[in-house]
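Consider the two complexes below, in which subunit A is the common component and subunit B and subunit C are the respective partners.
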Partner chain A sequence: MPVNLNAIAIVLMATSGIPGLFMPRASAWGQRIATCMVCLGVLAGLTGVGIGFIHPDCTIYILPWQASRGALVGIDALSAFFMVPILVMGGLGSIYGLSYWPQKRKARTAPKLQFFWGTLMAGMSLLVIGKNAMAFLLGWEIMALSAFFLISTEDDRKECRESGLVYMIATHLGTLTLFGLFVLWRYATGSFDLVPMPAAGSSVLVVNLLFFLALVGFGLKAGIMPLHFWLPGAHAAAPSHVSAILSGVMLKMGIYGLVRMLSLLPDPPALWGGLILFLGATSGLLGVVFALAQHDLKRLLAYHSVENIGIILMGLGLAMLGRSYDRPEWILLGMAGCLLHVWNHGLFKSLLFLGAGSIMHGAHTRQIDELGGLARRMPWTATLFLVGAVAICGLPPLNGFISEFLVYVGLFRTFLQPMHAASLAIVAVPALAMIGALAVACFVKVYGTVFLGLPRTQAASRAHESQATMVIPMLVLAISCLTIGFAPGLVAPVLEQAVAAWQFHPASTVDGLALTTLVPLGALGSMVLVLLAASILPALYVWSRRTVRKDVGTWDCGYARPGPRMQYTSSSFAQSLVCLFKSILKPRTHEPDIQGYSPPPSAMASHVDEVVLDRALIPGFQSFRKRLGWFNRFQQGQIQNYIFYILAALLALLATLVPFRALLASLLVS
Partner chain B sequence: MNDVLNALFVLILTLNLFALGNGRILSVIRIVAAQGVLLGILPLLMHEHLTFPEVLSSAAAISLKGIVIPGIMAKALRDAQMKREVEPLVGLLPSTIIGALVTALAFLVFSRVDPASRSDASLIIPTSITTVLAGFILLTTRFKALSQVLGYLVLENGIYIFSLLLVEAIPLVVEMGILLDLLVSVFIVSIITNHINRAFSSLDTRRLASLKE
Partner chain C sequence: MTDIVVHLALLLVFPPLLLGVINKTKARWAGRVGAPFFQPYYDILKLLRKGMVLSTTTTWVFRAAPIITLSSVLAAGVLVPFGNSPAPVAFTGDFLLFAYLFGLARFFTTSAALDTGSAFEGMGAAREVTFAALTEPAMFFAFLVLAKLSGSLSLGGMLHSGGASAYPAGSVAPLVLTVLGLFIVLLAENSRIPVDDPATHLELTMIHEVMVLDHSGPLFGIIEYSSALKLFVMGSVLLGVATPWFSWNGWLDWPVFISGMLGLAVVVGTIESIMARLRMPRVPSLLIAAILLCGSAFVMLVR
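Let's look at the complex of A and B:
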């Protein structure tokens, strides 16, 4: 039953964009039909997911497909858990697109966007419920290609084309690795079915190779730090609701793949957990440091995705350590933190990207330093963005806090056992704390520059609030964030079930444990409420006694007539922190050459390169091209040359047929 | 019967050399058409007992290769208003000489390869190899789009001759499929020729290289 519903959902979503392709360009009905079909699919899918949670031992489809002998699709608690963000975000984003990317103004690109939006959702859903490597890869490729077309929606802009190309290369590298992974899987287990590998009889080398292939292949999609190079450009170039689903949901498919694969591999050595924990801490720290140095709102948010993937990986690493050392409470806490952060990041990052889209819609720019004072002009967006910002910083009343808290508690628990090798994991705690602090700094910068103060440009001063179809999806996301934040007890049973589904090896060790006994989730909720009341009541008191407000600039050193240009910019706010991390960021400043007593007006600018792409990959590939330039002589695009190559190859092959010796003999003897 | 067959093969070989040595595209089209007609006759001579489908396939081959395809190409040529292959990579005389050398070599090497099933046509393998190679020479040394198509046609003729060895084994459907393929490809190229001509105001396929990245 649940699988049936999900199959219906997949078909509805995959075909949702097709009517729009055949409608006249001026008609808005294609878009409306697509949104309706996506929403219907989402309802069907959510029902299926709900039933899947209640009856975890679900039916499994077996389709008459040659490539897969065994089960093709099926749903368990882990699949159901990852289905939720896909469906929620896909539906909300589709509604958001109605006024953000309306057919009327974007006649050329809107049908394309609708179509690939549907296929992206269908691909991700198929991947998540795939119980066979073939179904998984099919979903994976549908997802990857749809995402490519979504990123390059505005293909008339050079920036979008380049980002799309970089993404395409990255995703194909990942797919190549996954092919290797599943071929090896088939070799090791004898089938393409994704069922747990038997602990006995699997060679250490093969299992380790499987792990590293999975880490690289899925890491490329998830955006783990050295493999994140495609991410900032792609997220900045795509339309905002596409960025939201890419960042909030598609990155998680990499996490899902890794989580699923790890659950199938037997006897993980401690090295795996340690490595994942280390990668998580690195991604988290570097992600937020790079985010601090960005001037582009969407690039900044994209780097925060890297940071949050880091936090998710820290939870996963802790759980893997728990499996290695047989500590059920580490597994439960780490995995619950990891999974809950998957949901949470999906919610608040989507909210922030939709907010960024709303800002771009109202003010027509995404450069932070060209905005300002939007809180007055876009009150809804400002409030909802604030909710998202507080959530992403992991501050108490919101959901980000809960998942980070689970990881914190789990990491502290590794220290309860003195003189244990896993106690080294405790060094991840300060890393996590630092990530949180830097994230707060970063969002203070964003919120202060974008929403407070005075508008810095004409465009910002003419900004207007977005339509209801854009505000309502954001509102839903914000309410979800608040719900998880205030009542974390609600998600505890779901999390426990998903963790239990993850735990194949050794079966059901977490059964005796409950999340609520390890972490006082209920008390946490009420504590949060008290804290909130304690901070809101004085604020309300002050607000009720407020005097007349007027537009004034931020205090800026007591100048007599402060203007918008005297405000702190995002660069100046972040400068001290950027300087602190100068050795990693290597910011480049373009300073003017000022000479003479009355120099002409001049400008300065600074920017930070994308570390992997701009400093390693592009120079590397350029020198590669230079060194292999001679090969271009053979590859000129002239058909005559290619035919000549075929001829040469043909003659060489024919020459092997010729009985040279007999020929020579006959020529010489007779 | 054998003598007639061998005479036909020699005729085909001669036509190869003519095709290599002729600069006027219209003449080459006619030469290739004549070759196609000869090829259509060959299976009729090789069978002891003719059946209706075989006659039908021969008739189809003759009418396609002898009339329809040359007709399409001649029309494309007229539309493009172009008569000669102006600057082949290798001159006309040298390419004829190369063709002759290739023929000699093929006979030297392959006349000793025993055609497994048929002893009555010892010339089949060398002729077919020579024709394939002649097609390749045309393809690699000529630059106009139409000359290239002619090269493909000669190449296909060579393969067709080789398939006569397996004449019992190849079912009618396959042969018809190949013919249809050929017709469609010539059709498409003739249309493309027009487009290339309009876009680049030349039929030189080297210009297409400017489309690559």
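Let's look at the complex of A and C:
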């Protein structure tokens, strides 16, 4: 039953954009039909997921398809867990698009966006429920290609085309690695089915190779630190609701792949968990440091995705260490933290990207230093963005704190036992603390510069609030953030089921443990009440004061006329931290040459390059191109030539079938 | 039950006295008589009765920030054991909530500073978040040391309240380093000399005072009260680490705790009297020293 509902959902979502392609450009009905179909699909899918959680019978659906060789799709608690953000965010984003990317104003690009939005959701849903490498890869490629078309929606802009191209190269590198992974999987297990690998009889080399292929292939999609190079550009170039689903949901498909693959591999050595933990800490710290130095709101949010992927990986690394050392409580805490952060990041990052879209819609810029004072003009967006900002910093009483809390408690537990190698995992704790403090710095910078103070430009002072169809999706996401933060006990059963589904080897050792006995989720919820109770009296007292003057400007130590240009900008706010991390960030400043007693007006600018793309990959590829220039003579752009090459390669491959040795032997003998 | 009542009463009433003691100490060092011990109470009460001036640029964030700060510091105060009696609320991992509640307070204090649109307050906010990025790892290294030494994941166990046995032998060296590191964190987080000078107002070199330049009346009173509260709460953690050995029973513990806190105030006041404030670019070095102290204490336990 759950699988049937999900199959219906996938079909509805995949076809949702098709009517729009055949409608006249002036008609808004294509978009409305698409949104309705997506929402119907989401309802069907969520029902299926709900039933899947209540009756976790792991239905396997066998399609009569030769390539699949048996089981094709099926839902277990882990699939259902990852299904939820896809459906929720897909539906909300589709509604958001009605006003953000309306057919009326974006007649050329809207049908395309609708179509690929549906296929992206269908692809992701398929890969999550795929129980077979073929179904998985099918979903993976549908997702990857749809995302490419979504990123380059505005293909008349150079920036979008370039980011789309970088994304395309990155995703295909990942897919290539996955081909290698699954070919090796087939070699090692004898089938393409994604079932746990038997512990006996698998060679260490093959298992390790499988792990590293999965880490690179899925890491490219998830945006682990050295492999994140495609991410900032792509998220900045895409329309905001697309950025929201890319960052909030699609990155998690990389995490899903890794999580699923790791659950299938037997007897993980401690090295794996340690490596994942290390990568997580690095991604987290570098992600937030680079985010601090950004001037573009959406690039900044994109770097925060790298940071949050780091936190997710820390949980995963801890769970892997738990498997290596046979510690069920580490597995449960680490994996619950990892999975809950997947949901949480999906919620608050989507909320923040939708908020960024609302800002661009209202003020027509995403340069942080050109905004300011939007809280007066856009009260809804400002309040909802604040919820997202507090949540992403991992501050209580919101949901980000809960998942970080789980990871923290798990990491501290590794330290309490008598010392052994796993205790070194503990160095991730100060890193996580620093990530938290830097995230606060970054989001105070964003919120303070964009929403508070005075408008810095004309555009910001004329900003307007967005329509209800844009505000309501954000409201739903914000309420979800608050709910998980205020009542974390609600998600505990779901998390326990998903972790139990992850843990095949050794068979469900986490069954006897309950999350609520390991961590005091109830106490966290009641501390929220303490917090609220403590603020009621002072709030009432302050608000009941009658003697209030509201007609004066900021005092500012006696400045007569403080203007918007005298405010601290986001760059100046972050400057001291950027200086602290100068050796990593290497900021480049373009300072004017000021001469004479009354110099003319001049400008200075500073920016920080993307660490991998601008400093390693592009120079590397350029020198590669210089060295291999001679190869160009084979690349003439004529399709006949290319077909000839293919034919020649095929003939060469066929030539290997010729029994040379026998031929040679017969020649020599005779 | 009485312990909880005494805890809450101390938490609510005692903190401003610490500021009074610090100021008195400073006055004595300077050869003055100084303001009465209870001057901070008079100041806060006076502020609470005054009117407010709100800038036209500000939003609700400016008004809500002092209240959120107060309530998060109060919530943190409920989690800390004072002296030898257990905290009213204790659970696994409460120290994480403790640390992150200060993060919540910082988020709103600095946002309120940016809400005024003043360059001064922006400067103070930028410094506050920069220095917090360095104090936070130091604090978590200290928590790691305490968790390892006590084998507990709750502040109550970490600070050995409730007559638990003393720390294991051989833990003196890490504890001394941790106390030194935590003391630097305390000075930095509560904006005392040598990181910040709470006595000046009109300078480009301040952190906390400059962030609250535009708050007035009851809001400013709440801010003053919260900062006293923060000093008290963080001081009681420091005191719990520094003096893990007293475990007499009954009522005697409360006077011992109170005199310990007053002693801490005298130490802070003395440091303010005999040291100059560091130049701003030197402050990160001091905070990194705190990370190194707590980190070295941690390294001693990894074996």
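By our rule, the second predicted complex is superposed on the first by the 611 of 670 C-alpha atoms of A that agree within 3 Å, B and C clash if a C-alpha of one lies under 4 Å from a C-alpha of the other, contacts with A are read in each partner's own complex, and residues count from 1 in each chain.
Here is the rule we use: contacts are C-beta pairs under 8 Å (C-beta built on N, C-alpha and C of every residue); 3 or more make two chains touch, one makes a residue touch a chain.
Computed from a predicted structure; not experimentally measured.
In the superposed model, A:Leu577 lies in contact with subunit C only, and not with subunit B. When the two complexes are superposed, the chain touching more residues of subunit A, out of subunit B and subunit C, is C. When both complexes are overlaid on chain A, the residue A:Gly394 reaches subunit C alone and has no touch with subunit B. With both structures placed on the common chain, the touch criterion links A:Leu416 to subunit C but leaves subunit B unconnected. After overlaying the two complexes on the shared chain, residue contacts for A:Met134 are found with neither subunit B nor subunit C. When the two complexes are overlaid on their common chain A, residue A:Leu264 makes contact with neither subunit B nor subunit C.
When the shared chain is aligned, no partner comes close enough to touch A:Leu165: not subunit B, not subunit C. With both structures placed on the common chain, the touch criterion links A:Gly637 to subunit B but leaves subunit C unconnected.
Overlap of the subunit B and subunit C contact sets on subunit A: empty, with no shared residue.
Interface residues of subunit A facing subunit B in the complex, by the touch rule stated above, are 636-641, 643-644, 646-647, 650, 654, 657-659, 662-663, 666. Those residues of subunit C whose C-beta lies close enough to touch subunit A in the complex are 48, 50-59, 61, 63-64, 66-68, 70-72, 74-75, 78, 89, 91-94, 96-97, 99-101, 103-104, 106-107, 110-111, 113-123, 125-127, 129-130, 132-133, 135-137, 139-141, 143-144, 147-148, 151, 153, 202, 213-214, 217-219, 222, 284, 291, 295, 302-303. Across the interface of their complex, subunit C is touched by residues 372-373, 375-376, 382, 386, 389-390, 393-396, 401, 405, 408-409, 412-413, 415-416, 419, 423-424, 426, 429-434, 436-438, 440-441, 443-445, 447-449, 451-454, 518-520, 523-524, 527, 530-532, 534-535, 538-539, 541-542, 545, 547-557, 559, 562, 564, 566-568, 572-577, 580 of subunit A.
Of all residues in subunit B, those touching subunit A in their complex are 89, 108-109, 112-113, 129, 133, 136, 139-141, 143, 148, 205-206, 208-209, 211-212.
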